[in-house]
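Read from first to last, the chains carry the letters A, B and C; within each, the first residue is number 1.
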């Protein structure tokens, strides 16, 4: 039995059992309830429809743009803050308490306050997404610098490194794996909070907005298409980052 | 004069003329649980320029601490530590060190690691690549310049660390159990390499080890230390020219002597306490 | 021993106190109009008023109730699911592809779907929390069991432990750290998702309190919500960490 399960065709077939069962159940339920339950066939046609009229492409691009803009703002700031806090204790003492206090609030929980300040719209969404990207970048970068091994710093001492050389040749490269982990997390968080803020503000275009609209219109078929696209995109972006990470960290011994 | 002066010979002559280490009345204590505990007690030692000195002793005799003090990694001591008459107050490019763990930066290639040591020397940039290549060749690692440390075997990484330590042409090279983490066969191989390198460089070397055979094979003199607190117990002259033959009877006689010294006397009483008792057996 | 501990406590309190002082000073400086930022004293007043009227207790109570019920269901199911996945190759082969696919969907993306099926009442919020808690818990349990070193099973074989002894003496203690970490992550994730769900659709709870405050331009209420939700998140994390460190003392000891 175990040997059988190790073969990939067997695994593939067995792995398809549960999803197929689910679809079957769903189709069967759909014919019973008709209204809210969209059968799989309806989902496929909804996908075709959304692809044809360009709605899906527009929403996807809008969400991607928001998530990556937020990442582009939040992650570099987070990495810079984390590294500065890791290197210079006074910066840590100055910024640490404030940032750690702000971090405790669920990111989307900032939406009402920031919405009150800047109005519900693009700016508010971007701030929340940037904040979501900021914190994981900051925390991991900070840990990365703080965890640099003493023995490497001693080597810097032996060769009379200046502060700048120590940062450039030891602290930054040694922290790099965790910095990249932070950015990867930041990406995931930015992605989630983009969908979340879009759902909550429901303005303009975006996958979250499309979900919200589908919910109001009771269009399960559209909803499922959008959820599927969200999942697939999240997965793809993650894979992309994993590749990027591997090529940036060639110097690390191969991991499992 | 030779129209094509061999760089290695110049270097050897220059190094041989310097690198006299003087240790006198050196004391060192650590705070352990709020109480100061003496680690090194009244160490006196003169190392001649170009000499290879081995230090052996049981773990905890302070031999690695002594080396860290000479390197300038720890500057909190009382007594005198001088290299060519200058008091040691911090690290310096005059003193190289090789640690037990190679401490090559994992994010740099072998070549980059070695070149990094030249960062703060006044070696002209144009000559650095050549000097790095020479030293990589010296430790027999030609062809591995672009390898990352994790791609090197333990022995290769340790030789690379030796190349990095030598590239600044230090007057004094400190070796802190440099072969301690290697397997027995690799160790013999790197010992031979180390002897060859020292004969080529003729810079002063001080090596800490717990392997008496290794200490005798490489050292002009072997310093035997005893623990609690760390003291010099005996200094053994090894009157054999280099390169040496491992089978030399003198080496074996001295080895037996030193081992007897290390495992007898004051230590014996202590090691009796450390014996594992098997109460259940004794009760029967 | 008492002195350094007292010092550590003082240091831990220094930062929040300084932060509050900074906030108060920033407001008193007149740099920010009161529509934008009100001082902590006003927020404290708002909290006191809401506490006096019982409104605060109702919101916090409702949120915590949803959190606990949803978390218990989700984390419990996640643990069972993760264990089944780790222990049986057949279960893994059948369910892991579906599990890994669903795992790619941000939990928040399920919110509109669930609103459609469950409406916006209690079952919806509890379901959201349960789903948020389910995935990290299942993954942590799976990793925990799969991460038990093979050597330990060899040790069990050498000493001829029975299956029950193996589970009790080796499997359970070895997986406790991973499971506890999973519980902590599940709990904090569940809290974040719950606040988001309440913002979107609720008649009570911390999230709804903030959203109402925003719609009525009551900055003090919104800030009070931010403070309370941050405080609850902090306490949940700290509490879970405390349990974790208590239960896994053998690791560092």
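Observations
Going forward, contacts are C-beta pairs under 8 Å (C-beta built on N, C-alpha and C of every residue); 3 or more make two chains touch, one makes a residue touch a chain.
Predicted, not measured: the structure shown is a model, and the values here were computed from it.
Common neighbours of chain A and chain C (chains touching each): not present.
Of all chains, the one whose Cα centroid sits at the greatest distance from that of chain B is C.
In this assembly, the C-alpha centroid of chain A lies 19 Å from the C-alpha centroid of chain C. Chain B and chain C have centres, each the mean of its CA atoms, that are 53 Å apart.
Chain A makes touch with chain C in their complex at residues 1-2, 5, 10-11, 14-19, 22, 36, 96-98, 100-102, 104-113, 115-117, 191-192, 195-196, 199-200, 207-208, 211-212, 214-215, 218, 220, 223-224, 226-227, 230-232, 234-235.
Residue ranges of chain C in contact with chain A, taken from their complex: 15-16, 18-19, 22, 36, 89-90, 93-98, 101-102, 104-113, 115-117, 191-192, 195-196, 199-200, 206-207, 210-211, 213-214, 217, 219, 222-223, 225-226, 229-231, 233-234, 237. For chain A in complex with chain B, the residues that touch the partner chain are 151-152, 154-155, 157-162, 165, 169-170, 173-174, 176, 250-253.
In the complex of the two chains, the chain B residues touching chain A come out as 71, 73, 91-93, 96-97, 99, 101, 103, 105-108, 116-117, 119-120, 148-150, 168.
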